[in-house]
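The next block holds one structure in the form of structure tokens; read it before the comments.
Naming follows writing order (A, B and C), and every chain is counted from residue 1.
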Amino acid sequence: MKNFITTQDWSMQDLQAILDYAKNLKKNKFQDLLKNKSVALLFFNPSMRTKVSFELGIQELGGYAVVLHPGSDAWPIEFEPAVTMNENPEEHIKEVAKVLSNYCDLIAVRAFPKFINLDEDFEDRVINSFAQYATVPIVNMETITHPCQELAHILTLQENLGNLRGKNYLLTWTYHPKPLNTAVANSSILIASKFGMNVKLLCPSPDYNLHEKYLEQAKKNCEENETEFSITHDIDQAYSGSDIVYAKSWGSLKYYGDAEKESIERHKNKHFIVDEEKMKKTNNAIFSHCLPLRRNVKATDGVMDADYCVAIQEASNRKHVQKSLLTNLLKGK
Amino acid sequence: MKNFITTQDWSMQDLQAILDYAKNLKKNKFQDLLKNKSVALLFFNPSMRTKVSFELGIQELGGYAVVLHPGSDAWPIEFEPAVTMNENPEEHIKEVAKVLSNYCDLIAVRAFPKFINLDEDFEDRVINSFAQYATVPIVNMETITHPCQELAHILTLQENLGNLRGKNYLLTWTYHPKPLNTAVANSSILIASKFGMNVKLLCPSPDYNLHEKYLEQAKKNCEENETEFSITHDIDQAYSGSDIVYAKSWGSLKYYGDAEKESIERHKNKHFIVDEEKMKKTNNAIFSHCLPLRRNVKATDGVMDADYCVAIQEASNRKHVQKSLLTNLLKGK
Amino acid sequence: MKNFITTQDWSMQDLQAILDYAKNLKKNKFQDLLKNKSVALLFFNPSMRTKVSFELGIQELGGYAVVLHPGSDAWPIEFEPAVTMNENPEEHIKEVAKVLSNYCDLIAVRAFPKFINLDEDFEDRVINSFAQYATVPIVNMETITHPCQELAHILTLQENLGNLRGKNYLLTWTYHPKPLNTAVANSSILIASKFGMNVKLLCPSPDYNLHEKYLEQAKKNCEENETEFSITHDIDQAYSGSDIVYAKSWGSLKYYGDAEKESIERHKNKHFIVDEEKMKKTNNAIFSHCLPLRRNVKATDGVMDADYCVAIQEASNRKHVQKSLLTNLLKGK
């Protein structure tokens, strides 16, 4: 039995097999591959693309989906082992994971970090606890990484650029009024490095570096692929020569848990917005973003409405790659 | 590609075709007409009949439904074009409409007015923005009109009264403790006038007139059908000779956005409640209401439990007309 | 037409038939028994097991499920007859029950007591009102009893112990930081007595006795089965010789509606926790609980992780017994 918690647990070849099968499913949308298979979709955080693409994708393959929002329409859950449960949670992950495993064939989980304690958040405890106690495959619908987005991202890049090997990939930090999750940024450097691209990370200052854990994984991927990994704070240098620009906003890990202090630093960097002028410096790059995106904050209308913007295509590919992934996990295809 | 945003965009003949096919679907409930078709149901406001009738209706025809509550289980949405998105909304209707169009075959939207700015609300911007940016049909599940209710209403009247041409139709304002949406009232005069009835609007005073936009459309329909359209504030005169009494409460547009001032006026008019005494003045009229209805506030128990009350039948017809509508939009039937 | 509101309305033989068919459905999960049947699942309170097991179970039998949360995604409902609806509820149970009866083939309701007025809560008005006005079968998904849990409980006991006749059954009160619903406790003594066991109720003091209504029913069942029914406040005596230990926490009915006073009494009784030491006093009893369960508050980790704990099995059986129940109610099987 396999889980899909981080793409680092998977070989590039196995991920490519999922992408190749997604292309098939894109043409032949309605197949009975998940007939009589049921999936629990647990949302600890809101969602639009993820909810719709999973719910419909499962149904299109003949399966059953059930959506839960623990803490709202379902009971809040305790993840700490051996604790005296005197606080808010009404039941323990041990029971939740086991009971759901008996009801369903797969459990998918969206659980953002809490932005209080960095070390705790980066343990990715919610999804890892599900994996520990469940007896069915676990799929990550975004925690501290977002591997389903990675699949959709790479499929979209391949559809537009063909072989990605040796392409120059830029992940740029962008401004957002709130200190967001690093998940998609972590995922971006993991998957770009795994698929053989030269990866550049642009952010305002070392305070905005991603977590060492993911930087190390990305560097290791680049070493294995004999490609380059670099971090820069120079906007012009970063965009220059890029084939792909991927944008994401995130809160500085330096001030993790101190939203007020963090915001002072963040508010100085509104000029990191992706605009047409910056895009002109690239090697005719395509632009993407995982969505949702605040227009004229993270990227301008001009960029979002340009032909080189493939964000909608990437979002649309979510459904296809997830259908392929679930088929792989539940049917070995 | 057609939308179903207001019945004014549709001819009476095309609407009648939907009603006729609904009668067929009422007898043969389970047909594979929406096989492999998927519908996103977006609820910006709560619902009971609409949610249940759409969700089940789609499944009964072999299709897939997915429910979203933007702002709660999905991200809040920006509808203003070219804006710098520094406020609450996390994503723009442009992206939402395009992404959903790629996931689904049809998008249905419930978005009540906000009761702050009358002109803005009467632009019906939410649903019109979906129509502008989506590439699949858009269906109105109640905004500033409620055209699905119109279909159920007319089907119910036809089932009880046969040909509606020349019937005397009364829309009466009723009291409610809150200043409600005018949607069903607007819809009532639009569809009654379109189907050839003499339409009378009863409300407490000119302050409770409906919006000029819908009064004009209804008058135009009546002119084309050579029937009468009138507005009255005289209860006795209004009920007298009516064949149909339809009730709805709404807030005065005069005090739009000023709930406190509006409430003073409204609270004076509790006697507009539909009761058995008033119904006796009619031409053995049938009574209906779109539901939900506060008993003994909008209409008495006596009226609601009378044989001439067809509100349950109208609510039940929602499922059948909507199944017919979706089939029409997605299959051309 | 039959409802499933309390097992007291059903004979042991008819309940056993549902359990027997559940065993069949456990082996042959996917049958078209509910093809073209639709069920409305109304949750006035949160749920995990109930929501997932009903939603998936219905789909596994080819039926359609629709979930509603009245007061949140659907309108709040009035249950008082002949009232002037000036308060929060927007519509009356009369309309809700009739409209849903026209949309669906069965209505299932979860409605916990409100813990304000004991007499009112113990009338079980919400579900009884649905039964009064609906024209389709009503199923109890937990109100002041929890009969679906009863079915899963007995199936689990039979799977582990075979014939239950004459077994010594202990229901023990346990501590919980909040004054919980007595539903599962009421259900526990009803079903254990109905299936021919000697029933012992252990609670901290007479203040924690269950409601006379359910005590009387359980006593009557025991009389008919010529078994014993007893209440004790002595922990050692209670566990001694038991074949089954079932645990549940509930608030004292003596202080109903006065949470503060009630909590003083309750907080004195944390030692009622089910632990391994207590379990050693039994006749090698199996242990169960309906879940959710606060570990190390209601029962220790040692008990929950022991081989004799069958709580997960009981939760898993929910899906099978409910599939059997719905088939019985809708197909007469």
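Please note the rule applied: contacts are C-beta pairs under 8 Å (C-beta built on N, C-alpha and C of every residue); 3 or more make two chains touch, one makes a residue touch a chain.
Just so it is clear, the structure is predicted and the values come from calculations on it, not from any experiment.
Q: What is the shape of the graph in which nodes denote protein chains and edges denote touching chain pairs (line, ring, star, complete, other)?
A: Graph shape here is complete: every pair of chains touches.
Q: Tell me whether chain A and chain C, two copies of the same sequence, contact each other through the same residue numbers or different ones, using over half shared as the line for same.
A: Different, since under half the interface numbering is common to both chains.
Q: Roughly how far is chain A from chain C, centre to centre by C-alpha average, rounded to an integer in Å?
A: About 40 Å separates the centre of chain A from that of chain C.
Q: Any chance you could list the residues of chain C touching two or more other chains?
A: There are none in chain C.
Q: Would you tell me which residues of chain B are touching chain C in their complex?
A: 29-30, 43, 46-49, 51-53, 55-56, 59-60, 69, 177, 291-297, 301, 304-305, 311-312, 315-316, 319
Q: Where on chain C does chain B make contact in their complex?
A: Listed in rising order, the residues of chain C that touch chain B are 36, 38, 40, 64, 66, 68, 70, 72-75, 78, 82-86, 89-92, 94-96, 98-100, 102-104.
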